[in-house]
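The structure that follows is given in the form of structure tokens.
Labels A, B and C are assigned to the chains in the order they are written; within every chain, residues are numbered from 1.
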Amino acid sequence: MANKLIVSLSPHVHSGDSVQKNMYGVLVALIPALLVSFYMFGLGAVVVTLTSVAACVFFEWAITKFILKRERSTICDGSAIITGVLLAFNLPSNLPLWIIIIGALVAIGVGKMTFGGLGCNPFNPALVGRIFLLISFPVQMTSWPTVQQWISYTDATTEATPLALMKMAVKGDVNALEQLPETLNLFLGNNPGSLGEVSALALLFGLGYMLWKKIISWHIPVSILATVFVCAGLMHLVDPVAYASPLAHLFTGGLMLGAIFMATDYVTSPMTHKGMIVYGVAIGFLTIVIRLFGAYPEGMSFAIFIMNAFTPLINTYCKPKRFGEVVKK
Amino acid sequence: MDLILFAVISLGAIGLIAAVILYVASKKFAVYEDPRIAKVSEVLPQANCGGCGYPGCSGFAGACVKAADAGSLEGKLCPVGGAPVMEKVAAILGLEAVASEPKVAVVRCNGSCANRPRTAQYDGARSCAIAHATSGGETGCTFGCLGCGDCVEVCQFDAIHMNSETGLPEVDETKCTACGACSKACPRKIIEIRPKGKNNRRVVVMCVNKDKGAIANKACTASCIGCGKCVKVCPFEAIALENNLAYIDPNKCKSCRKCEAECPKGAIQAINFPPRKLKSELPPREAVVKPATVSSTVSDTASVNPTVSKTVAQALESPKAEA
Amino acid sequence: MKTFRIGGVHPAENKLSAGKAIEILALPKQAVFPLSQHIGAPATAIVKKGDVVKVGTKIAEAGGFVSASIFSSVSGKVNKVDAVVDASGYRKPAIFIDVEGDEWEESIDRSPVLVRECNLTPEEIVAKVKNAGIVGMGGACFPTHVKLSPPPGCKAECVIINAVECEPYLTADHRLMLEKADEVLVGVSILMKAAKVTKGYIGIENNKPDAIKLMAQKAIQYPGIEIVPLQVKYPQGGEKQLIDAVIGRQVPAPPAIPINVGAVVQNVGTAFAVYEAVQKNKPLFERIVTVTGKSLKSPSNFLTRMGTPMSQLIDAAGGLPENTGKVIGGGPMMGKALVNTEVPICKGSSGVLIMNDKEAARAEAQPCIRCAKCVSVCPMGLEPFLLATLSAHKDWERVEKEDVMSCIECGSCQFTCPSHRHLLDYIRLGKGTVGGIIRARNAKK
């Protein structure tokens, strides 16, 4: 025989799925929210997103090549682009360039590559970047530009976000909740906030796409959203003046973005469906606790960050149901 | 004043209670350990390599004490520390050290890329164990080295390396402690722990192929075909032929090298012998082409390197070999 | 539509030869019979060089209870008893017979008449099945008479016939049902009688609507037999998955076996072989083999005598293409890649699949991104990523604790893995090692 036969163990076929396909699928799912952010925040959004993506990809490439000295570049797998977009989505649209670049460096350098790159990081890199910036630059990170100032960047006028109003209500300002935008506006995204988090509708489109393409399973987003709804609803029933309605909680801040794109990050979320639900419920609960009783108005990123740390523990204790454990019919 | 008094009394009380608990616990849950185990442990190298066959040095120390109680340290050897350490151990335990022969790992396959034509291509995880389970290997020889380097991976002493030219592992005898990890890791049992032999010289059948002669011959130019010539020529009855494969008993072999000269396939190798002086004494062996395996250590440690004497001898015989 | 409850994947079906009627393959020049073509002890050769044998002559005796006899598929002279490279890639002892003519043993009924009545007792049937050397024809090759003799304390409640053929490409069982429906159904009735049950299910995947329709029509005449159409999902042909799909019971973790939940599972090819053995006195020496592949000229189904080299089947299907990368004995999900094409057809050879070099090459493995897809497709509810990692680190104790022995090696995890990791390679290594550790432990006790 002319050519040698290849021998390998079965299976001899593959589904054709790949890391790239999944990563680019997530990017496609991010497009609606990206478009909304461009519409709402104009030039600022474009600059922030491009800077963040470019910086993330650059740092990934540079670290792989010069520090880790790996031959194979990993920028093609798309994970750095996702980190870049997600980091941008978590920033206000008037953030100066140098802060964004520092954020990208922390996200990729500290959050991802120190642990060995894709697949090894215990925390979502974009979250590491965002939390680092939030703690280091609290003023810049919490001044949110008013929507639809299309051509302004760092000079945009700012206003309080709905979450800040909700926090004031909890602290005893009885009129704060009345100033909240209408729920429909919150849903569509016509309110100040970080780039990508404003429009719940666009983010839900992304969720639908990812579920359809089977990139993620429903367990994490649904359990987070349901938990937030139930917890916020209970508090609202106790005191409607101090605690905002559950729908307002669902549609404000980074909740949707976090539940759909940040918490579902493959690397840092649990491996079993049971574990995913435990993880989702815990994130939802922690978010509400931080929002209502914590120092910060928004608790989503901290909640995900905390639960990322618990993921190995969840993996150890939440085993899938083994075949044969099911009770006989 | 009260404050100081309270602090002193309460802290004192806590300390007292804790002391009582600790005392009770240390008495109640005390585990007796033979003090000799700690002493033996101290003289061991603490490499925790497991080469002795026990889980780490403390495990070995425990086994030694137990064996000493039974009366003899026979069979216990720390391959890293060797005889000096075993003498110390024996002294602690009040026994005579049992001298054991120094051993070394020997890769009994010479199916290099040049000797064994590839007939298939393995595509899978780089693990000999997995390749072994997948099929007979990439060549017609289903007994020989698979070349994925499981032995290299398990070696704690950096004493075995793959030669990229031959595709076979090579043992660095100066580093090998004969711990046997590679021998255990090899799914085909190619690596044997053999006595080092007098002056570090030994004669070995470098093949483990049990196929019939014709098949073995076709699969590899350096295979043992079970012709039995070596058995006949051996004056000491040190060679046994079983399942079409010759095996030289290291305890009987007197390193006369008659079998090496007799083997028509060059499967028997005399390791670490100086090259023979008279070429004319040797039978022509053009057919047995061995690649010139010249590793970096060859030039300065020619007498130690396992393959170099052989290689040099053959390079002299057959100038075509290197072409 | 019924299916099993946990995991599963849906590989591209590629049933290229589904429309091709079964053809009879010409006799080989030399037939080779490996002595170990079933699970259990190898058979012992009872012929020697120079012996003359007929078609259907017993040439090797079962080597124990869990073993099966081997019968000659050709007439001629025994050339030698020697080693041959079989599907495992290793040399194993085998009987070589030079073919001369085509003379059958007189006891075999060669008429095509359907014999429906069977008046034998269950014990007689089991004895006949054993004497015909029948093993599971699906690929695992477990001796059939062992499955029909339940261990003490277990009682069968139903017979489940595996006509799922969930492996992509393969169509041998599909064609068998279309062309020998009555024989199969009689075979199922005999199996039910042997297992002393009154209920028989035939599970067929929904991608074979013609077979479902035909079998359902004919099954009316056979009391107790029900055709169960199943949703197309791999690995439905796995014994445990099939039982779950058909009667909704799950076999507990090993060492439990299907009979513990009252089920006896047999392949549809086995049912046909049982029919021939019991009603026609014909031992198992030929079977239907699918020869297929996208690069092959004419993928076909052949009625092949055992011992025929695979190269002959490939030639009959249009010859081995130039760019062949892999020749697989069996289907693409669980088949074995062969080192050469001279490997003989054995009792369990359901197909020969040719892949070109592009299809055959595995993509490079990348780091695990912990996407958990392997966990969600595992039909046994295991965590393949974990088992593979632990096996690679040789942490056998934990591998065992994570239920590696439950793995059925279906390959769904590796099929799905977006990082193209060689999950099953490592899991097999873990399963093999842990199996050895468990056996050693049991032997100590």
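Here is the rule we use: a residue touches a chain if its C-beta (ideal position, glycine included) is under 8 Å from a C-beta of that chain, and two chains touch if they have at least 3 such contacts.
Quantities reported herein were computed from a predicted structural model and do not represent experimental measurements.
Peer 1: Between A-C and B-C, which chain pair shares more contacting C-beta pairs?
Peer 2: Between B-C and A-C, contacts are more numerous in A-C.
Peer 1: From chain B, which chain is the farthest off, judged by mean CA positions?
Peer 2: A
Peer 1: Going by C-alpha centres, which chain is most central here?
Peer 2: C
Peer 1: Determine the centre-to-centre distance between chain A and chain B, using the mean Cα coordinates as centres, and give it in whole Å.
Peer 2: 53
Peer 1: In whole angstrom, how far does the Cα centroid of chain A sit from the Cα centroid of chain C?
Peer 2: Computed value for the inter-centroid distance: 48 Å.
Peer 1: What is the distance in Å between the mean C-alpha positions of chain B and chain C?
Peer 2: About 42 Å, centre to centre.
Peer 1: Would you give the residues of chain A that are in contact with at least 2 other chains, written as numbers and ranges?
Peer 2: In chain A, the residues touching two or more other chains are 5-9.
Peer 1: Which chain B residues sit where two or more other chains touch them?
Peer 2: 119-120, 123-124, 130, 133-135
Peer 1: Give me the residues of chain C that touch two or more other chains.
Peer 2: If we look for residues of chain C contacting two or more partner chains, we find 89, 336-340, 360-362, 422, 425, 428.
Peer 1: Residue numbers of chain C touching chain B in their complex, please.
Peer 2: Where chain C meets chain B, its residues are 82-83, 85, 88-91, 336-340, 360-362, 365, 392, 422, 425-426, 428-429, 432-433.
Peer 1: Per the contact definition, I'd like the list of chain A residues that touch chain B in the complex.
Peer 2: Against chain B, the touching part of chain A is residues 4-9.
Peer 1: Chain A touches which residues of chain C in the complex?
Peer 2: For this pair, the touching residues of chain C are 5-6, 9, 11-12, 89, 168, 240, 244, 247-253, 256, 261, 320, 322-328, 330, 332-341, 353, 355, 357, 359-363, 366-373, 375-376, 378-383, 385-386, 403, 406, 409, 411, 414-420, 422, 424-425, 428.
Peer 1: Chain C touches which residues of chain B in the complex?
Peer 2: 119-120, 123-125, 127, 129-130, 133-137, 142, 211-212, 215
Peer 1: Could you please specify the touching residues of chain B with respect to chain A in the complex?
Peer 2: 118-124, 130, 133-135, 138
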